[in-house]
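Once you scroll down, you'll see the structures, which are given as structure tokens.
Presented sequentially are two complexes of chain A, the first with chain B as partner and the second with chain C.
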Partner chain A sequence: MGQTPTEYVTLVSNDGFEFKVLRSAACIAGTIKKALDPHSGFREVAENRVDLPTINGVVLEKVCEYLYYNQKHAESKEVPDMEIQPELCLELLIAADYLDV
Partner chain B sequence: MDDDLPLPLPRRVPHNHTLPRSPPPFTLLNPRYRTTSPTSSEPPLFSSDGPEAADVTNYQSPRNKKKRAGPWWDNSRDRPLERNKKTKISRNFDSGVYMMSECSDCSMELSSDPPQPPEVEPNSALVAQETFAERLDREVSHMTENEGRLYRRIIETMESNPDHFYDLDRLGLVDEDTKYLSLLKQAIYHPPDASVEIPSEGQYRSFIPKLRISLGHNSLRTLPSSLFEVDNIEYLSLRNNHISELPPQIGNFTTLHHLDISHNAIKYLPVEILRVLQNIKPFLTRAYDRNSLPSGRTDFTLGDLGNPLFYPRIPTSEPDWTTATTSGENPPQKQPWFIDFKRVLKIPCRHVAHHKHCPEKRIRSPKNLHQTFNIWEDPEALLEDPHLYMVSWTVVRYYDENGRVLDGCHPWPDPTPDTNRPIPIDSMVPTKDRGTIGLPATWFSPPSISSVPSLRSACLNTALKELESPAEVEKYLGDSITPNIKRQLDCAATNQNLIHSTLRECHVCGKEYIIPRAEWLEFWAHIAVDLVPVMVKVCSWGCVPGFIRDRPGKGWESWEGA
Partner chain C sequence: MTPDYLTSWLRKWANNISAQEIRDSYRQRLQQAEADEAQTADATPDNGEGASNPGGEPDEEEPAESSSAAAERSRKRKRNQEDAIAKIKKGKADKKTKKKKKGSDDDSDFEDVMDMYKKKKPLPGQLSNCELCNRRFTVTPYSKAGPDGGLLCTPCGKEMAKEAKATEKTNKPTVRKGRRKIESNRLDGLTFRGAKTLQQLCIETLAKYSEDIEELGDMPEPIMNRLSEIFSKKRAMNSTTFKLFLQSDRSTVAIHEAAYLETEDYDQIFAFVPGIKTLSLRNCCQFKDENMDFMIEKAKKLVDIQLLGANLVTNDKWIDLFISRGKDLRSLKLEWLDAAFDDQAVQALVEFCPNLQRLKLERCKQFGVDSIDAISRLQNLEHLTLCFHQDIPRKNIASMILSVGAKLQTLCLDGFVNSEDEPSDDLLIAIHDTCTSLSKLRFNNNNECSDAGYVNLFTDWSNPPLRYIDVNSTRDVDNVNPDGPEDFPVGVASDGFTALMAHSGSRLEFLDVSSCRHISQSTFASIFNPEKTYPHLREINLSFCPVVDTEIVAGIFRSCPNIKKVVTFGCFEVKDVIVPRDIVLIGAPKAQDAIEQFGQVFMDFQKEAQKELMGRVVPTAA
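Presenting the complex of A and B:
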């Protein structure tokens, strides 16, 4: 507590992969934003680290890619499509629904 | 020597005269012997095998070449020789086009039965007629009752009706019965019958017909997708069905000159209808009637009576807007409101850049926006005048990702579903002299103007493209499905029923989506149709163009930046 929010936060998948992501990008996902809300008092706020026990490393990597893609194109008019592999899309869908993104 | 053994009687030499006399060779020349038939010999195979031809010397008697109608081994029937003397050319009823016997470009299955030989002489048109009917019966027998009725009606019309008017009314059709409508793409003009018709004017016409199709008084819920394969539809009637939304593919019917959608449940038309209307050019004569409405000056008609169509409500603080200024003495019954076209700032199609479907997307210099023609003062100018222009639009309704209206949006009228009365809706009209009329008291802006699709919808789009149907996606997801995903999949299934595709196409950026994030109505005027309510749906809040999203200022100057 009282810690200044860092620029990067760590997202951890259920198989132990850690992804360091810009805080502003990570907060595009509603669930992560709530977890990192400084007023919430969750453990995640102190550690700047969010454990995601339902998401595996492959899917979480794609989620991180999307978060940066979203941040990059937030202002632009012509947004290119992000490539989503068909074999990944259903797992990614569940993860996206969980993360509210 | 009496008991001499009697000598055996000498065997009698048979008399020559008891034997049948074989005719001597020379008797063949005698005509008396020509009646004997060669019973013991095999039937002659060749025409020269006959008894009268046994001798090369027989060159005096007339020799008839036998013409055999049957196979060489079947000599039982002696067909009359004169059968082939009269050659009658008649139209071949199974030309391969109607009945698909050639099956070259048709995926429809044909019966695998070998062709049965006709029971009677196959030389009359009556027999061909019979096989036509029989064949139709056989093909129809594989189908459901309604499908069969439709198929039969189409084939019979093709056969008998040279005008290509397909009266498919009152067949009790529902959406599932309509797959054989694609048969209509095989319709051609009847080729001229060379044995009957004298070459005349129009003999060398194109075989491409102008189809007129009437599907009235059925139970269709949408425009059948099988019709999209058919080109050259000139007249399409969908009267008295249960259609609630026309699919965007209606924009492909660019040859359409009459569209009748009366007595359905249609509230608005898709933006793509503007593509049809754009092809309808006005034509004017010198003797322009100053007192008549400009409508009726084209060869296009749109029947839209009896639908709960939106129409713009003009604020009552502007009383002169509601006077019947354009309609002369007899205001048409259909039009529940009247607008002063003289004062409307006409925004021609080519200036409205936000529609993907407008072929000319560019906005010219802002000055051109004010360039309007007064058709009442200068009818000649109508030829240069945009014949299709936007008159007014409504406020935008924004949705969240699951299709719920955002809090604070300007409310839209919610009509009761069972009335077919037109629905009034507040709309904004830009004018030349008074700025924009009809601005609402409050103005709602969306929380963000990002155009990035959410990860959820991006994944769902991929899944729907890879898998067959929303139900299959649901099956794969199993227990991990959430209410939000279920809701989106349900919307995809609704899309499939209404527009024959699970994904819609954004009218501004062209991306695919399931649930629109924003929609608004635009009212377009065309000189052939009074006013068309057109619903624009977009895939993200960022796709709403600035001049629709932002509150208009007092005059049009604020609009120029759009």
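Presenting the complex of A and C:
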């Protein structure tokens, strides 16, 4: 506690991939937002790092892509849908449910 | 040059003789022609000189030429030829000054001739070289122009047209494609601003590839339901794909659009998921008696059944179901039953399902007075929804409310068909006196009760404030007297509405007063004035209340901080409203306006609210 929040945070997949993501984008995901809430006192806050042991690197990469896509289009209307590879879809859906996005 | 040359030259080209050969033979003929001219005309040496005078002043040629031509004017026979040659010379002279090219007589002459042919675009019927593939082809009126202005042969032209179409296609749809869908989503309140959620995107993609999925795996229940909804919406729920939703360890099967399922498929539900507790099938047209038998035999844990449009199940089979499964049933929702499910079935239902808490019977045509009397005996009911099709005397309904009303949390009575009774408020009195735990009240589509009755209902009612009120279309319907009886307003009118908001405004989330035509403008204005706030109100429908105007809509925006959706179909006084952001106003009356208007403007009062919110958050965050 007492640290100033960094601009970027690190998301870590279960197979060890690390994604450095803008904090504002990462916090679009409800679960990550809660984990990084300065009042929670979680370890994540001190380390600016969120371990996601249920999500693998490939899926997490797509999640990060979505977070930026969402941030980019936050104010626009009639947003074009993001492409999702069908083979990723089910895993991504479970991850999205877990992350609350 | 004589016409003979031209035709033979063209003919040669038409026969696909090599360019070199043509050039050679043409050069020969040209030389010969000039030699002929030299014999017949004195001016020809000048011509030759002019053509072969590379370093000389080309500008001087013209006067020399014209003077010599004038000298020859008497020879009318040759005149045309002379003119043609003069023209060629002139063109050549211009060219020469630009190019400053040195060459032999013959070559430059030939080039000049070629230039003349090149410059003219060939007319239909003539031959030309294709600009792209260089093939010789006959020009037609349909020949396409190439990218550099030349003409194209038929295959190349087709190719070009195809490409042009392809690019057109790729360009157009981005604008037009899905416009209808976008509008539909907006009316559903789905797309608002910003991107869809990742879950939504995934589910939509899944639905797109519904045929290729082998198994859904372990999904949380809400997502399964959402998937089922989207599959249903996209009409992707068929005999193959619906099996994805049958997982033996689940307790719920919800198929929201079962119209593509066959009779055998329904048996599979109970075979695959014997532990099923909640069954929901909509448009299950092929659900038959045999399926009902199988369900009774296999699904021993069923407590919640919803069937929509199960018209092939006979009356006796419904009764069988209640006899064998009745004790366990907690919830039964049946809709759109025309042929079966009559009063006897309802009586059996009441007899054998004493623990029923939730009952919904909508658009069941056989359902009559005896059913109402029977339902009065269901002592554990908490949620009751009835939609009437037959003429039912009001006193039966009133006595039903009196006997089951005390425990009810939901009461929905939709559409009375009552030809005999005069309007009276005994139903509202019954609700007022017996219901004390309602949170949702739908009492719509009737002209039974007076405004005073509604005032009475919402005044000193021991029921806590309601969450959901729908009193749409409660008004007097008389074409001769559209304003209704003046001293005795029928339906929710000004006073009734005021009493309603006074009673429930503090907790109300959903309000539908559409077609309540007798609520006055001043009543709306005083209810939605900035002094008052309705903190929970999310959705309001004011359609066909003709007095609603821009002021009232603006008032709603201000006094309902959580409002998301305002529906104003047929409110012609609503004009040029500036919709605050995150709010959608549906039903603009002017055809040229978009039917729904999405808030763009971040209004001052919203900013203040935001500041307050930020004010609370910021210090703690810092």
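Convention: the second predicted complex is superposed on the first by the 101 of 101 C-alpha atoms of A that agree within 3 Å, B and C clash if a C-alpha of one lies under 4 Å from a C-alpha of the other, contacts with A are read in each partner's own complex, and residues count from 1 in each chain.
Methods note: contacts are C-beta pairs under 8 Å (C-beta built on N, C-alpha and C of every residue); 3 or more make two chains touch, one makes a residue touch a chain.
Quantities reported herein were computed from a predicted structural model and do not represent experimental measurements.
Quick check on the superposed pair: does A:101 touch chain B, chain C, both, or neither? Answer first, second, both or neither.
After superposing on A, A:101 lies in contact with both chain B and chain C.
After the superposition on A, what does A:92 contact: first (chain B), second (chain C), both or neither?
Both chain B and chain C are touched by A:92.
After lining up the shared chain so the two structures overlap, which partner does A:39 touch, if you call chain B first and chain C second: first, second, both or neither?
second
Where does A:79 make contact in the superposed view: on chain B (first), on chain C (second), on both, or on neither?
Both partners.
Which positions of chain A sit in both the chain B and the chain C interface?
Touching chain B and chain C on chain A: residues 63, 66, 69-70, 73-79, 81-82, 84, 86, 89-90, 92-94, 96-97, 99, 101.
Which residues of chain A touch chain C once you look at their complex with the stated criterion?
Listed in rising order, the residues of chain A that touch chain C are 38-39, 63, 66, 69-70, 73-79, 81-82, 84, 86, 89-90, 92-94, 96-97, 99, 101.
What residues on chain C touch chain A, complex-wise?
182, 191, 193-199, 201-206, 208-209, 212-213, 216-217, 219-220, 223, 598, 620-621
Which bits of chain B are touching chain A when the two form their complex?
Residues in contact with chain A: 448, 450-456, 458-460, 462-463, 466, 473, 476-477, 480, 482, 484-485, 509, 511, 542.
In the complex of these two chains, what residues of chain A are touching chain B?
For chain A paired with chain B, touching residues are 63, 66, 69-70, 73-79, 81-82, 84, 86, 89-90, 92-94, 96-97, 99, 101.
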